[in-house]
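Each of the next two complexes has chain A plus one other chain: chain B in the first, chain C in the second.
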Partner chain A sequence: MQKTILIVDDSATIRKLVRLVIESMGHHTIEASDGLEALSILTHTRLDMLITNLNMPNLDGFQLIQQVRKKYHKQNLPILILSSEEEPEIVERGFNAGANVYLYKPLIPWQLRQEMNKIFTQAKLGRD
Partner chain B sequence: MSQIDLQKILNQIEEIQALFVFVQRVIPYLEEIIRFVQETTPLMEEVSQSILESSKKMPTAVAELDKVSSTTESAASDMLDGIERMLDTINNSISLIDQINEFEKERLMKEKALVLKLAETLDGIEETQAANVKQALDDFYEEYLAKNCLQKLRQNIFCLQNDAYEIMNSLQIQDITTQQIMAANDLIESVQSKLVALTNRLSFLFSASFNVDSSQVKIPASMSFNTMHSIQDINNDAPGKTVETHDSEVSTNEHPNVDKIIKPAENSTCPVIVTKEKQRTNDVNIEQDHFLQE
Partner chain C sequence: MILSKQNHEDDITKQHLNAIRQAKSTIEKQNALQDLLQCYGEDSAALLVTLLEDRDDEIRSIAFHGLSLVPSEKSAVLLATFLAHTDLHVRNLVAELLVQYKAMAVPALLRCLSNPNKKVRKFAIDILGLIGDLTVTPELAILLDKEQEPIVQVAIAEALGNLRAAEAVELLMRHIDSCPGMAPVVIDALGKINTQKSIGFLLEVLQRNDFYLSLFSLEALSNAFYPEIIDTLVERYKRIHPELKTNFFKTLCSIYQKLDPPPASKINFYRFKDDILKILKETENIQVFSSIFNSLPDDFIIKMFVQVLELLNHQNQDINYFVIERLKRLDKTEILIKLDQYLDSISARGHLALLNLIGDCDLVCAENILKKLGNSPIPEIRRVVAEVASVFNGAEFDYILIQLANDSVQLVRESAYLALSDRAYYDLIPIFEKGLESQVHSIFQVSLHTLARLSPGLLYNHLEKWLSVNDGERLLMFLSYMPENFFLSKPFLKTLLEHVNMKIRMYAIHAFETISEEVVQDWIAAGQEDKHPDVRLVALRAQIRQNAARAKVAISRALDDQDCRIQEVALEATKQLCLTEMLPQIYSLLGSSDRKVQLKAVQVIQELGGAKGITKARERLYNYGENADNIISLATDQNLFSVLNPDEAQ
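So, the complex of A and B:
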């Protein structure tokens, strides 16, 4: 079943790369260049997953995740962080904000596919 | 005046004399400090100017780095677009090859069926004719499929697809480079703001501390009284001259504010400079001539 995934990153290169990987899996993607744009998309689009960077202008990844979880009450939306930040404190902060998966940049396509499949499988099992 | 009063005055004079001795010892150091400041001021001004010029160039450096960043992003984006189109073509080619492969298999099956049907119609002459034809066809088609280049072509296209994905992944370096450039820009901007602050402080120092013309801040070398033993009576020297003494060497330098140097009393090493301007406080002006003359 085709899923809709929102990709949030200020780098057009990364957005495009992630989009190509996801589309090769047969899913549909939407792109946003920062947290604010992501929130505006989130309000009128049904999403199956959110993939976000952390360091972004206007509204960063942490704030975006927090708002998605608290303000928009999207507790079940799977959130995957894709960031070059490797410090344990930042990773922990990401999980504390409400992320489900944390992947380091540079992106390894098979790793992203694997994690996405895992999330979708768990979601399907949860529904069943 | 009683003897006690006189004694008091004498004691005070001694105290003042002691003070002069102290000042006299301090003067060489002050003199050194002032000379040092005088010498370093132009250097510091030069440094300040250099810092100011360097800091002015920093925004240009930041802008250039931003430009590099946006140019590489644009180039990477174009390359990704190209790779995307390439991948689309590759995927289309793979599905076309698969279709051709299917058509070919279908065609062979139909061909085989036709040939077998023909063989069966001829089977009346010899019982084994059709079976032999079938065997021959199976062998031929097996060999044909084994030699089929379509599968090899498909493999080659898969290799191209993998290479395209590899290039796509490598383009992530652009994002990493951009982040590094941004970090460098932040650093440059931070250094720039610190340099500007430093320059401002230096300018303030020059304007505040050295408001008094440094050329006017002169302590006659004759105040370095570690060599006072060779000083001559220079009361007759022309006004505006000072005396520098270095052991036996005696030289004079123009000094507009100094009238004369009076040699102190025999048992004292304390010199006195009488100046024209009593209000000069930056100079080491000791307005105590009346004491000694008294």
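So, the complex of A and C:
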């Protein structure tokens, strides 16, 4: 079944590469270049997953995730962080904010596909 | 002495910073910032940078604003030291400022390339890529050759792509496999740089048979505009992963579209017909569909006409209309002749889309298709046929419309009648006469107006018939929709104004109130003697609206009416027209058993009679045994009155 995935990254290159990977899986994507734009999309679009960078202008990834979870009450929306930040404390902060998966940049396409499939399988099992 | 001067300057600096920090409002903070900028000019940067770390978001925002006003190489050096900051927010503000500083930030950023912290190197490279200064290419190239950190290598490749650095093509080609995750970014960069060499390399990557590298290469190749690559790309087709066929054709078509003029013989699309049509049939993605379908040459569409028509059966309505838009670019008449033969192979959805194609095309083609679709089992199609047929003239189209005017579905009939009303030939009179028998108001209205134009005598006959059989429903519909320029003879007017049906009398007064003839106005005025209060009310309103002289008499009569609604309307009219001569009648209304009439009367008395009037009203109210003060205060208290009489207040 086709899913809708929001990709949030200030790098147009990363957004494009992630989009291509996701589209090759048969899913639909929406793009946002920062957290604020992502929130405005989130309010009027039904999403199946959020993939976000951390380091972004206006509203960073941590703030975005926190708002998605607390302000928008989207507890079940799978959130995947794709970031170049490798420090354990930042990774932990990402999970504490509400992320489900943390992937390091550079983007490894098969890795992204694998993690997304895992999330969707878990979500399906949860529903069944 | 020198020391004390330094101390004094430090004090001033502290004062300025504290002024910004301690300001209570945004305006105060902005004013303090202005003072700082005026006092220190470019040197303010050193102070403002420290404020970027402040806990207060507003202070940080003020500092950001201030720093954006003093761009300099010196400021950039200060800002660049913050690229290693642990607070993401601070780092992002710094990055944004450095991008704004453009060329002034470049020297500071280049110095960061030798920073031992890989994050600083990465952020500096990202910012250089965004600034877009091509002169940094050599430094980035040198760094790529010696850089060990994947995250920095990838950042360099991305920046070189963003810079469109043609001189870096070979370097990028060499580094495609330098580290995990490098290849996708290098491929994207080579596509952006878009030289013959970079594009040639991307075509080689396609031969690696790696799914993702082929996927990214096909996307990167879609930027290309070199006709000579088409043959090589077509050759690669047989080795393309089956799941990437859509991407392949999207790229091929994208390149083809960029060639100006497109070399018709350059790509033999017919060779790929099965795959192309399969993709077009199956895709749900309108962008994929449009980029491929739009590139297909006319001769391909004509050769594959039946299969192209089948695309109209697609579930996605946008795709249906996209097909139609593409077909419109061909010779419409030729298309419609072909269409006629294959109409049965198209679904209802496709038929609807097709009707969009018929407009200014050849009459003969349109006639056959509209005839067939006019018999469609789908009412919506028949309705649109009526709409489309309305633009064509000729007996054949009249025939189609007459047929649809007799349709079993109301919406279809309405559409057909509307279309026929524009034609209004004498031959069509019978259909409009039939329309006068319709229960559907829109059909009745269209028929009424068309007949009034074509044959008023005939309309009189119908009116006589309705009167003779006492068809109240038709008479009411007639009075509701009576055409403006249709004049009834006086006997007709009188008959309707005196009709036994109360509603007809009401509608007749309303319909005829604009007739200024004295005798008709007398008949309308007689409505005030009607036994039914609704008729009397309509008659009063008609007279107030139409004739000021008659209004006085009508109002005076209405003030004596027994019906409270009529009295209220008369009171309001008295006030509006300032009829002080009515005051004696109004005083007597103070004895009304209806509280709303009483209150309204007090209001009018206050308006027309002033304080004297109110004194007199108070006396009268006492005489009627009422609590005069209470009623007067209720009526004259505007707020309370509006609560009690919301309609009146409005």
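Note that in this section the second predicted complex is superposed on the first by the 128 of 128 C-alpha atoms of A that agree within 3 Å, B and C clash if a C-alpha of one lies under 4 Å from a C-alpha of the other, contacts with A are read in each partner's own complex, and residues count from 1 in each chain.
Just so it is clear, a residue touches a chain if its C-beta (ideal position, glycine included) is under 8 Å from a C-beta of that chain, and two chains touch if they have at least 3 such contacts.
The model shown is predicted, which means the values in this text are computed figures rather than measured ones.
Annotation: superposed three-chain arrangement on chain A; chain B versus chain C shows a clash. Between chain B and chain C, it is C that contacts the larger number of residues in chain A.
By the touch criterion stated above, A:105 is placed in contact with chain B and with chain C alike.
Looking at the shared chain after the overlay, A:77 reaches neither chain B nor chain C. By the touch criterion defined above, A:60 reaches chain C but does not reach chain B. Contacts of A:49 after superposition: neither chain B nor chain C is touched. Within the superposed three-chain model, A:16 lies in touch with chain B and with chain C [touch as defined at top]. The clashing stretch of chain C relative to chain B, chosen from 56-64, 182-190, 434-442 or 614-622, is 182-190 in the chain A superposition.
When the two complexes are superposed on chain A, the residues of chain A that touch both chain B and chain C are 11, 13, 16-17, 20, 24, 55, 84, 105-109.
In the complex of the two chains, the chain A residues touching chain C come out as 2, 11, 13, 16-17, 20-21, 24, 54-57, 60, 62, 84, 105-110.
On the chain A side of its complex with chain B, the touching residues are 11-14, 16-17, 20, 24, 55, 84, 105-109.
Residues 73, 76-77, 80-81, 83-84, 87, 165, 168-169, 171-176, 178-179 of chain B touch chain A in their complex. The residues of chain C lying in touch with chain A in their complex are 88-89, 91-92, 95-96, 119, 122, 126, 150-151, 154, 158, 161-162, 179-182, 184-185, 188, 211-212, 215-216, 219, 243-244, 247, 284.
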